[in-house]
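Across the two complexes that follow, chain A remains constant while its partner is chain B and subsequently chain C.
And now, the complex of A and B:
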């Protein structure tokens, strides 16, 4: 039981990491809570469902398309909603409310196109290999989630640290106005940030689809977990998001040791509120 | 005719919710996205008291207000620590927690099954069992809430709230303890939302947790943003618009499930368009 809980915590942590990475990246560059982030996971999952099950295309091709499609939706939202709002110098609350509207609408569009039913993605479901580690059980898909999570994390960290693009993002995070003055095309960079962040969210949705299944409303739960992980880790801090995600995974899974699993969401929010009261800047952020 | 009465009752319920939320978001400038939680608390209080204990409907409204006020007092205490978008996020969280309690405390709320067979109001031997008589109660409640809210926003208390919205630091300098004011208006607002919940429970005769999700809070927010922040008549207008608008879809002949989703799309798109082109809403006096 104990080792199973640890494994479950790590897997949950890896999924939350993927959501928090993109969320933090976008928050860092734009400083607003992008509530559409979670629903893009559903966009990714349903794209794969559409391409692979409805059209019958190759599953790996469908996964790539799903990731790109989620990224494009995120990019489009920035171009047509958030960028015009930023140009008008709208407050963060306006951006937050606009993203709330976009979230509601996209979730409903998915539900109309694919019904609200629970769906599974095809990938050797049922015939999955299962590994045993210290008496705990982990499926092949979950192992893939873990590996992909680590790869994305490492790649993103390298890009942010060493590439020009990463440095530009850092400059925008520090001060968008100054970044623009020194010649960084901030609108373009932020557009890319939306694409990358949303694509990672789409990937998270796809992986969850393979592990558990997909539902139009899956995005909200994921968003909340991603936001909580980001805040307790240190908002806007990509590494903090990772730490927050794993902390959340552990607290959630050990929290339901003695009670029913349906309390997970409530436990996650209690953790958030405790952090907001006692350490609102999160684990990693200074000052 | 029955159909129009049905819409009018829904309008009254949402107008009350809108007015209550506007006091917090519009007048005090606190972006709260948890109104559906208090709506739900009112609904469940009435549902449980009427079916399990058998108290009078009107008494259950008052008890609903009291319970919502007590719970909102503690939620407000926590939320008072935040401002701006963190406030929105924290309130978001409380909506999820309340929803998850309604869904998972099966011993009390029967979970996802919900509570059925909630009786219609009656007092002094008068039964309000027809929809028309119920409409009278709903409109009366709306009237009372409106008058109370109007009194609040025009009082000196209301002026302090607006001052908090404009510049909290400045009003603190004048010696006002803004935390008390913010807490007070949050509790009042929750009590008003609970009235809506009681009306809803008795009118539909059935409650289940799915009515009181975050999406419902978003809808109430859409009502006040469309109508206009810091304008009570605006909230009434917003409720009228957003209750009637999706009904057009019914005449297009969409299946029930699709119509419900179409409603969400409309609300979502309206919110985005308002934020882009008219963040003050129709009659608003304040923008986020």
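And now, the complex of A and C:
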């Protein structure tokens, strides 16, 4: 029981990690609350559903296409919506409202194309291989989610620390104006950031689709959990997002150990409020 | 501004004006005196949207098959996932602005209970296609439904479980749906009344998709049977996650949702052995006609509650055309037409509370099929 509870927390944490990673990456560079981030998970999930189930293509190929597609949508949103707004010196509030609009529109389009029905992706309908760890069980898909989360975090951390691209993001994050003055093509870099962040969100949606299932409305709930993870971990900080995600996963699952499960969301938001009051910069961010 | 831009803007403005003009004077919108308006309130967005779509399709189908297609105007409003405040504002809009005399909806008991007092006050008929909560029975004299109340079903499965020697039960239920909470109460009273014990109660809300921790707690309480009261998708997910976690206890759904296609689609082989109550599949011609008609028009199997939605619309249309237009007259006609009425969801006879009784059986899932066991 106890080991299963720990495993459940880790699995939940790994899913939140994937959402928080992309969200933090984009927030770090642009400093605005990108509400479309969650719905891109649904875009990824539904792309795989379309390519693999409707068209019958190879599942691995469909996954790659789904990730790229989610990334491209994110990139397109930046190019056609957020970039023009940024050029007009729109405030972050306006960008937030624009992203809310984009989120609602994309969600509606998915619902029109695929109906609102809850769907499962191919791999999870058959019997999955199950691994036992100290009496608790974890499925193959969940193991993949965990491993993928760790790999992406590590890769992202390496890129941000050592590559020119990462340094450019850091510079933009510190001060976009100065970054532009020293010759960084900030629009281009932010475009790439949107592509990468959105692709990670798409991957998160696909993996959740394999583990649980997909629904056009899945994005908002995911985004909220990702945002909570980002804020408690330290918003804009890649490692912070990961730590926040696992903390959230553990608090949520252990929180309903002694009380009823309907309190899960309430517990998550109480954790958020506690952090907002006592440590608003999150665990990792320095003053 | 260059000349080109001005021309483009000019063209756009003209196009928009023409479009607006077209929409306002759109031909075909029923304006004749004899036309009727039917309001529909369903959760078109949110977690329950797939059922709302099924019911809406069925209502449209009923409109087309009624023979009065051009004289019926359907005005559909969204209650955003059965939220009572949204259902109330939708009802107020339909009653005060559109002046509808009858409303079909909502999907859930909670939202339907919310609009019932407004309908009573304004003398408007409400027909719910899928609200099964037992407290809707006394919601008002203008409130009808085409689906049977939950009470009988929940009591039947609780008795069945006890008769099979199951004594120690877990209750797993969706605390965000009135109907499901009242099912839990019925199961609990019946089961403990017979001498059974409830070892653990675990809840979740409709949007929860990860029930592993709840199932884990149920697992460690070592029960003979798990009663689940949840929406179809969640029943499927719960079964799948339970079997993965090694919970092999007998599941009994207190709701007919256990016998819907999403359960098998989502849970696959994990759905095997699930026990649930179900209204006897009608064997009348109207039922098969409806299924075939629906498939032909929409290309998919009708969702859960679509047949009940079809009947609600079909009976209501008949009653409205037979009436003199007042709510009391429509109500009288509903009682008159809704007597031994052969519909898509079986035989419908409204009792004095506007409720229907439908014969019920206990079924299970065997080899991916729904089979009757009692």
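Simple rule for what comes next: the second predicted complex is superposed on the first by the 283 of 287 C-alpha atoms of A that agree within 3 Å, B and C clash if a C-alpha of one lies under 4 Å from a C-alpha of the other, contacts with A are read in each partner's own complex, and residues count from 1 in each chain.
The rule we apply is simple: a residue touches a chain if its C-beta (ideal position, glycine included) is under 8 Å from a C-beta of that chain, and two chains touch if they have at least 3 such contacts.
Every value quoted in this text rests on a predicted model; they were computed, and no experiment measured them.
In the three-chain model built by superposing on chain A, chain B clashes with chain C. Touch criterion met: A:137 reaches chain C, while chain B stays clear of it.
Contacts of A:12 after superposition: chain C is touched, whereas chain B is not reached.
In the superposition on chain A, contact of A:277 is made with chain B only, not with chain C. When both complexes are overlaid on chain A, the residue A:116 reaches chain B and chain C alike.
By the touch criterion defined above, A:262 reaches both chain B and chain C. Which of chain B and chain C touches more residues of chain A is settled by the count: it is B. In the superposed pair of complexes, A:85 makes contact with chain B only, with no contact to chain C. By the touch criterion defined above, A:224 lies against chain B but remains apart from chain C after alignment on the C-alpha atoms of chain A. In the superposition on chain A, A:96 makes contact with chain B only, while chain C stays out of contact range.
In the three-chain model built by superposing on chain A, chain B overlaps with chain C at stretch 115-123, while the rest of 115-123, 277-285, 295-303 or 349-357 show no clash. Counting contacts by the rule stated earlier, residues 111, 115-116, 260, 262, 265 of chain A appear in both its interface with chain B and its interface with chain C. Against chain C, in their complex, chain A makes its touches with residues 1, 4-5, 8, 11-12, 111, 115-118, 120, 125-128, 130, 137, 139, 212-213, 215-217, 221, 253, 256-257, 260-262, 264-265.
Interface residues of chain B, counted against chain A in their complex, comprise 31, 33, 78, 81-82, 84-86, 88-90, 92-94, 96-97, 100-101, 103-104, 214-215, 218, 221-222, 225, 257-258, 261-265, 267-272, 275-276, 279, 287-288.
Put simply, chain C touches chain A in their complex at residues 45-47, 49-50, 52-53, 175-176, 201-205, 207-214, 216-217, 219-220, 233, 237, 244-246, 262, 265-266, 268-269, 303. Put simply, chain A touches chain B in their complex at residues 32-33, 81, 84-85, 90-98, 100-109, 111-112, 115-116, 220, 224, 227, 231, 260, 262-263, 265-266, 269-270, 272-273, 276-277, 280.
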